[in-house]
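Heads up, the next two complexes both have chain A, just with different partners, chain B and then chain C.
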Partner chain A sequence: MSKRQKRFQVLSERPVNKDGFIKEWVEVGLVAMDSPYDPKPGIKIENGKVVELDGKPRQEFDMIDTWIADHCIDTKVAAEAMAIDSVEYARMLVDINVPRSRIVQMSVGMTPAKIVDVLKRMNMVELMMAMQKLRARRTPSIQAHVTNLKDTPALLAADAAEGAFRGFTELETPVGVGRYAPMNALSILVGSQIGRPGVLTQCAVEEALELTMGMRGLTAYAETVSVYGTEQVFVDGDDTPWSKAFLASAYASRGVKMRFTSGTGSEVQMGYAERKSMLYLEIRCVMLTKGAGVQGLQNGSISCIGVPGAVPSGIRAVLAENVATVLMDMEVASGNDQTFTHSPIRNTARMLMQFLPGTDFIFSGFSAVPNYDNMFAGSTHDTDDYDDYLVLQRDFQIDGGLRPVSEEDVIAVRNKAARALQEVFEELRLPPITDEEVEAVTYAHGSKDVPDRNVPEDLRAIDEFMKRGGNGLDVVRALAKHGFSDVAGAVLNMLKQKVSGDYLQTSAIFDDDFVVLSAVNDPNDYQGPGTGYRLEGERWEMLKNIPQAISPEDV
Partner chain B sequence: MADEHMSKKVEDMIKAKGLAISPDRIADVVKQVMATMQGGPGDSSGGSASPKGGLDARKDYPLANKRPDLVQSASGLKLEDITLDKVVDGNLTFDDIKIKPETLEYQAQIAESAGRPRLAANLRRAAELTRIPDERVLEIYNALRPYRSTKQELLDLAGELESKYEASVCAALVREAAEVYEGRDRLRK
Partner chain C sequence: MNISEEMVKQIIIEVLDQMHVTEGIGLNPDEDVPPVDMTETEEAKPGTDRNEVVIGVSPAFGNMMTKTIIGIPHREVLRELKAGIEEEGLHPRLVKVYRTADVGFIAHEVAKLSGSGIGIGILSRGTTVIHQKNLAPLQNLELFSQSPLVDLETFRSIGRNAAKYAKGESPSPVPVRNDPMARPRYQGLAALLHNKEVQSVDQGKKTMEISR
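Presenting the complex of A and B:
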């Protein structure tokens, strides 16, 4: 075009037009919820055993079919469940007169293709209604990423403390440099308990190391246990449903909470989608997880969000996969954890789909650090968005899990976290944290504001700590010895949770007094207006009082 | 078969518990084990039906608050005995803050009572794995990854789980894997 229309010229420069979009391309699996190659729902059972699943006879089952058929599907209710018309069941999901218990009893009698057939009939608002009604825990919550470019331990501790203080109930750290993992885990463990006792922490690394840190009490839960919807991708991920189910039991055997991770788009990204829709493959992951007896799942595309984000109805598929997880009566940590768009409008719209109905963890997680420090490749929202988020909670009277805080309080908890970690490092013979570092991380926006550390020295020291069998009790002892007995008590309390195992139940988090809140003692009882979780009373008073609001007395 | 399985479970629990066991305590354990015999992994009781004699999700959970009498660490300490003073004085080791198989069994009963039989099954596999050292658990996990083991190696592993660790549910999982891996060509050549 020789002469451009000026409005089009402006539009072409808008952030949304920097995003990638692609038309549906079934052959490679670039289709959100409805591929012509998705199987038709169906099941055949002989002598209590599934002999045909979605039109495929048992002798042709791949590993995932076998696992779902033998470990997930309840053959006693399958006939009844599969006979329910898909539209009818979809309506039950949004019908306030049909109790949640009835719905989750039937869902385990259904096949993956049947669940897709149900979900693809629901629009966004219906899916949100289903989420509101079906999520396992009554009280919604939120998880954060705590990470930085330099793996600076004092900064991790300060950020963990601030994050916990602001209301995140789970904190996840990854690593820039792999060998830093135990030091990062230790740093956020100490920091979290200063921000708010009872906040759960994890360190996302390779399966075996992640398990080791859990066994040593350096982490309280695990999440980076990936599962996939096609056998080839699963095997390329170096696992099978059997190895992953064993791993799940291994965590529980050490009293450590865990959930699996999956998401739409991963099979496309890894090149083996078998021409199936992303949602169909993801439902296989959800059912596989259910069959393994794992209490929850992190999904919502996660690190592959660019893939469903590029196709029509892709973001709807992402909500549908979250709904599939709660439909299977599991905890859902519902994504919103990776940058996928240049458009702030699109970014927030995608988040509202989980924020409005509430999920077990609306984000998994929100970046409790600036995005340049986020080693998970950036989240949808970060520290610079805190106030926007608080205002959204206030605008809609919705509990998104965060609370307004004062600058003085945040400075205090950040400083205390850095000082406590300084003492722990000294006691555990780790390279010293200087007073200059403590001061810097207290007031820092991010790692750009803190001094560099001697990385090889840090790595040598943390290797040595692991070699000599260092564990959570060493941290408790170090804190107590140096005058941080309140923090020592909280870390010890966290370790004690692994003795009682209460937080191995579905959707467990802790309150400030370490009383567990899970789908068992805080079950979602939503059945329409006047029921379920309501933001009211003291909590609403707290969330509506953002410091920026002018009070009538001051006018 | 149920009886044989049950007495084995009781034996395990007694072994893990150590010395002093009153007849009452044994009767208690037998009752709990009997309760767990009802309703396998395929059972979906929905709602709040609780297996007879097992723990009740509504009355007994959380154990730490409502049934602290049932909770002990692997070394036999009660929750209230795990104190900061003891940690500081060096009177607590990491074994004192490890979960006990019985506790996982109780949590399995809670899960069952809350209508989650698959989670209960996972927790029962976990109870068996408490008897296996960390390093060996990691090795077994690695052996179950694709192309790591021959069929015979997996069958031997299942044998070890049964004979050495009395982990019959986990052994069955490994045998199942051996069959499936063979059929799908995922064994080590």
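Presenting the complex of A and C:
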């Protein structure tokens, strides 16, 4: 076309047209939730053992089939569960008169193809209803990423403090430079307990190091233990369901909370989807996780979100996989994680799927730093979106997990976090944090506002800290010695939790007094209007009072 | 200093090349790019030349597929990688790996074939890894995982750094770029391209030497 129609010209320049869209290609599994090659539901059980799964006899099982058949499916309820018509079961998922307990009792008797067959009959609103009813913990919550381009420790501490203060109950950090990991973990540990005692922290790095940091008390939970839905992709990652389950047991034995991670699109992204739909393969991951005895799963495509995001009904599949996780009676950290679109409209719409019904962690996570500092390659929402998010909570009277804060208070917690870390570094013989750095990170928007550090010196010092067996108790001592006894108390309390192990229960978080809120003592009891979690009372008073609202007395 | 005709020619070629580099960024991804001559000579054997760096390309590279995800012709990718290696005084050697389309395993396999122990693995869409033979397959010296951000200049630097590792130096890693919007724009396309690549995988076929 030599001459363009002006409206089309404008449309072609809109953010949404910078996104990549592709047509379905079922032969390789580039299809969201309904491939003609997906197996038909079916099960055969002999002597309490699954001998045929979704049309495949046991001798043809791959290792994932074997795992699901032997460790996930409850053969005592399988016959009854598989006999329920898929439409009937889908209706039970949204029926307020069918209790959650009845639903999750049956779900573990179903096969992967059966679960897909149920979920693909549900539209967006029905899937949201199912999420509202089925999530494990009654109180919804939210997780954040805390990271920066330069791995500046004082900035990590300040951002962790602000994030915790704003209401995130879990904070996750990765690294720019790999060897920085323990220093990053230590920085957000100290910062988080200043923002709000009881906030859980993790450091997403290579598995052995991640476990070591958990055992040393530098982190409180783990999440980046990835599982996949086809054998080939598992093998490419040098893993099996058994090795992942072993790792899960290692965390449990040391009293460290953990969940697995998976998501639609990863198998086709790696070229081995075996012609199956993304949702079918993801359901295999969900059931594999259940079979490993792990309490929860992070899914919602996560790092492959561009793949389901590019095909028809892909974003619906993302909500369906979240629902599959709670259907299996596990905690869900439901994505809204890595960047997914150029379009602010698409971005918000995708977030509402989890925000409106509420999930265990609506985001996993929200970027508690500006996106240019987000070393998970950016999140759907970042610090510049805080006020929009608070207004959405207020508009809809929905608890998305964050609360309004004052600038003075944020300055104070950021400053305290930086000062506390300064003392910890001195005591632990780590390279000093200067007063200039403390001042800079207190007022910073992000890493562009803070001075550079001597990276090789930091790395040498943190290597040495790890070699001499440095741990969380060293941090407690340093804080106590330098007048931060309240923070020392909170960090010590976090260490004690690994001994008592209460927070290994499904969907556990801590309140300010280190009381566990989990599916055991805060179970989701939603059964229609008047039940379940309601944003009301003191909490609603707090969330509705955004500082920018004008009060009648002021005019 | 005497400027010979040969040197003038060389300079002109280099300038023209660089002009092409800047044009390369705006390449039209829809444009057809002719295939590269990927004539195979023999099964690739471990080298003994300590001054060589092996470049291992993926199964579809150069013939079944001819350009990266942002449209850089494979011919130019190879030219830049080789030029980077030669700049450091080392010799590039080109092989094609058929048994996998996993860039980490490709790079590790060719590092093991390389006389210097250093190899570069590259996928058709542009994802690249610098590897060393005594590392674990899923480790690496440098990884360029976001294929839409790997441009010609980066390929030249990758060649240069690989050669430096081969000489026993510890170069500063090629700066890795991060664009949060690369995912929404390219991830679906990357999945599509990767699945095309995987169709050329032949798990039983040996890695082959490519003639120069």
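Heads up, the rule we're going with is that the second predicted complex is superposed on the first by the 555 of 555 C-alpha atoms of A that agree within 3 Å, B and C clash if a C-alpha of one lies under 4 Å from a C-alpha of the other, contacts with A are read in each partner's own complex, and residues count from 1 in each chain.
FYI, contacts are C-beta pairs under 8 Å (C-beta built on N, C-alpha and C of every residue); 3 or more make two chains touch, one makes a residue touch a chain.
For clarity, every value in this text was computed on a predicted model and none was experimentally measured.
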*asked:* Following the superposition defined at the top, how do chain B and chain C come out on chain A, clash or fit?
replied: fit
_Per the contact definition in the header, classify A:Thr212: touching chain B only (first), chain C only (second), both, or neither._
first
*Where does A:Asp238 make contact in the superposed view: on chain B (first), on chain C (second), on both, or on neither?*
both
*May I ask you to decide whether A:Asn371 touches chain B, chain C, both, or neither, giving the answer as first, second, both or neither?*
second
*Regarding the shared-chain residue A:Ala248, is it in contact with chain B (first), chain C (second), both, or neither?*
first
*Who does A:Gln9 touch here: chain B (first), chain C (second), both, or neither?*
neither
*Tell me which partner A:Asn47 touches in the superposition: chain B (first), chain C (second), both or neither.*
neither
_Residue contacts with chain A in the superposition, chain B compared against chain C_ = B
*For A:Thr341, is the partner it touches chain B (first), chain C (second), both, or none of the two (neither)?*
second
*Rounded to the nearest Å, state the minimum C-alpha distance from chain B to chain C in the superposed three-chain model.*
12
*asked:* Per the definitions at the top, what is the overlap between the chain A residues touching chain B and those touching chain C?
replied: 238
*asked:* If we count contacts the way the header does, which residues on chain A are in touch with chain C in the complex?
replied: 18-22, 25, 28-30, 236-238, 265, 268-273, 304-307, 309-311, 338-342, 371, 374-375, 377-378
*Which bits of chain C are touching chain A when the two form their complex?*
101-102, 105, 137-138, 146, 178-192, 194-195, 197-198, 201
*asked:* Under the definition above, what is the set of chain B residues touching chain A in their complex?
replied: 41-44, 46-47, 57, 61-65, 71-73, 79, 82, 84, 87-88, 90, 92-94, 97-100, 103-104, 106-107, 110-111, 114-116, 118-123, 125-130, 132, 134, 137-138, 140-142, 144-146, 170, 173-174, 176-177, 180-181, 184, 186
*In the complex formed with chain B, which residues of chain A make contact?*
48, 62-63, 66, 70-72, 74-77, 101-102, 104-105, 108-109, 207-208, 211-212, 215-217, 231, 235, 238-240, 242-243, 245-255, 290-295, 329, 471-473, 476-477, 480-481, 485, 488-489, 492, 495-502, 504-506, 514-516, 518-521, 523
